[in-house]
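Here's the structure, in structure tokens; my notes come after.
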Amino acid sequence: MDLFPLVNSLRVAIISTALTFLIGIWAAHGVTRLPIWLKGVLDSVLTLPLVLPPTVVGFFLLKTISPKAPLGAFFLQAFDIKLTMVWYSAVFATTIVSFPLMYRTARGSFEQLDPAWEACAQTMGLRKRFIFWRIKLPNCKAGLLAGTVLAFARALGEYGATTMVTGYIPGRTATIATTVYQLWREGNDGLALQWVMIDLVISLAVLVAINLLELRGGAARARSEA
Amino acid sequence: MRKALAFMLVVVLLSSIGTAGAEDASKIEIVVFAAASMTEALQRIAGQYQAVAPNVTLTFNFDSSGTLQTQIEEGAYADVFISASQKQMDALDASAGIDKNPDAQDFLLQGSRFDLLTNTVVLIVPEGSDKGITSFADAGTDKVDLIALGNSDVPVGQYAQEIFAFLGFWDQLNTAGKVTFASNVKEVLSQVAQAAVDCGVVYVSDAATGTGITVAANAPAGSHKPVNYPAAVLSNTMQPEAARAFLYYLKGEEATGVFTEIGFAIPQR
Amino acid sequence: MLEVRLKKQYAGFMLNVRFQARDEVMALLGASGAGKTMTLRCIAGLVKPDAGYIALDGRVLFDSERHIDIAPQERAVGLLFQNYALFPNMTVRQNLLCGLKHVTARAERNHEVERLLTMFCLQGLADRMPSQLSGGQQQRVALARCLARKPKLLLLDEPFAALDSHLRWQLEQQLLDTLAAFEGTTLYVTHDREETRRLCQRVCVMRGGTSLSVMDTHRWYHTPDTRSAALLAGFENVETACWVTNGYADIPQWGTTWPCAKADVTGVAFRAENACLAGIQKDLAIRCRILRSSEQETICAPLGQMNTLLRALPDRRFAVGDEVWLCVRPENAIWLGREE
């Protein structure tokens, strides 16, 4: 059995989760410091991919990174790099659709922080960078972990936008989700089911691992407060 | 307020009953499942058919023949089925023999099946493409990095596979990872038009209606089985006369005119 | 020396504060919502006033006219929050080290931490997390952290508000020692007048967002100059008064007229502990009837003004219903002026 879809799905999901983690936290932290009216507007825009059907996201992506579209044409001419029909096209799609999950969870975490900490730290002469990395982030660990799990799960399960930008090239761009679809279309239910089971096992493994981490974190906290 | 609501409810109920009855009396709806490549042709013909049989409403479901076959098997209602290859029609035809119809399904109204159209398989490239692709054989060279084909559930995909096997490099195409498989013909057209792929294989009838693409070559002679579009009335139909009448119209001069204009051909019957 | 003049409009509230403080502990005294905390935040640089001027030891921290607004990091101001704001993800030692970032040598930093731990009796707690400390310990850590950076101005926001009263006395003594050793100005925000009297040298009373004039605590406690100051100082008997003729003021609610030298008088006040009962009129007196008599105090009402209550020293010689003279020595009757 050709395991490329498994490798590709995992690689795409891990890369896009890493990207979402970084960009999501940066955006969430940035938004909390904006005036209220701007906050509302940006919040809606950044949460949009959560509400839009993935095919709509795929449509907008194609209009941007297709070889004849502005960004796609630029990369093709300037760097001879294709943005669609390659394995990393899926990374664009999955990052966009899973971004809101990380962003909203991170924002919730930041807003729950006690504002007195930042105020106090400022009067103590601590700079923004220190405050962010050593005071804010460590106190958001639980929330950020939850967001990462959600983002990873969403990335692993992405189909609609992915299939529109990567097509289905066995051995080059196939993911578990697109493979299952194609196998079902060709009437190969047996193989399709095998892939479904693999996907279930991975998803369960990831969720169980994260739950264990959360439990351990909770136990450590309980011990320290005893 | 409540009285107004009750009144509105009664009006709605009465009118729905009324129109249901009226439909039985004069309006007939024919549900046509047809291969995606016939979309433009059949829509134009539907416009013409309005003048011929004004009491008949044609409702179309265009998709790949494989999907339509599955839907019929799963119990979807249709009066007429027009497939883009014999394979899907055979699978539903009780008289097709055990190797073509392994589950011995019987969905067709016997005696209503005939070959409606034939089509030509062509190689298309994005408009303005400068890769110098002029024949099917070019797909086996470096000129082509990526080619879009329908998957094995799509008739034109099956023909493409036949053609490249005939030309001797189907396996190489696959191992080199040069093929991206699409779920239907429209997807292939769209990917070629976007220049996301270097070329694609579709029917000439699709190429005629697609934008942003150019036909680069016809399939070499003898490289694939003839493309036949069988049509039949389904056994579940509730208005066999109207269904037969529509299929008869499709064989007629007006409909033929539309088909040939788009690029289909009429087989010997 | 701290000089503050600021105005800020926020949430339908107008803050208008103006005072100067020397090297001392000065109270910002006022009821909740009087704008005290907002004033502290403006001085610390966490909030920008709409207009004003703040200078510390001659260094301008904020000047709206010259567009100077120094960041809180650079102001050398220490702010102790009501809930202490200890960083929950760091140990006591790490919290203290946060305040010592300006010390570059590691050995010196550790030495400072040890010194602070000793000074605030926190030995042995260095590696505990804030959630493992008692309220009093948390307060000491917060104070130590505040002082680690050797600020020139210390801002304390109701430091004992979060503690049980039986803990307070001990901590107060400690705080007194700390503040005495601190070389700089301390602003002490509170709504508790006894705290003010015990810990602060001068008082700035705040009412409805406006600061009234700064007074020596002793003077404020014993001779307040306005009605609100008198009430805040805990005077139990405060009433309006009006200058009638040369040398006299009429106090209608008490049904009496007392000699008064202050021409622009608007009120009068005296403490219950300075009011005694007598059978004959002496000193400044009010004729009243006793309403309630207990071991702590006597409550009576002026004849003819049964709704006005007066509080006086307890006196078992008289019973409820008796008519007596409530007497106050002239030096204990404080004449009040107009609010600013």
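The first chain written gets the first letter, and so on, giving A, B and C; residue counts start at 1 in each chain.
Note that in this section a residue touches a chain if its C-beta (ideal position, glycine included) is under 8 Å from a C-beta of that chain, and two chains touch if they have at least 3 such contacts.
Worth saying up front: this structure is predicted, and the values here are computed from it rather than measured.
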Most distant chain from chain A by Cα centroid: C
Central chain of the complex, centres being mean CA coordinates: A
Inter-centroid spacing, chain C versus chain B (mean Cα positions, whole Å): 87
Centre-to-centre distance between chain B and chain A (centres being mean Cα positions), rounded to whole Å: 38
Chain A and chain C: spacing of chain centres that average the CA atoms, whole Å: 53
Chain A - residues contacting chain C, complex: 114, 116-117, 119-127, 130, 134-135, 138-139, 224-225
Sites on chain C touched by chain A in the complex: 41, 44-46, 71-75, 77-79, 81, 83, 85, 87-90, 98-99, 101-102, 129, 131-132, 145-146, 148-149
Interface residues, chain B side, partner chain A - complex: 66-67, 126, 146, 148, 151-153, 174, 177-183, 191, 194-197
Chain B-facing residues of chain A, complex: 62, 66-69, 84-85, 167-173, 181-182, 185-187
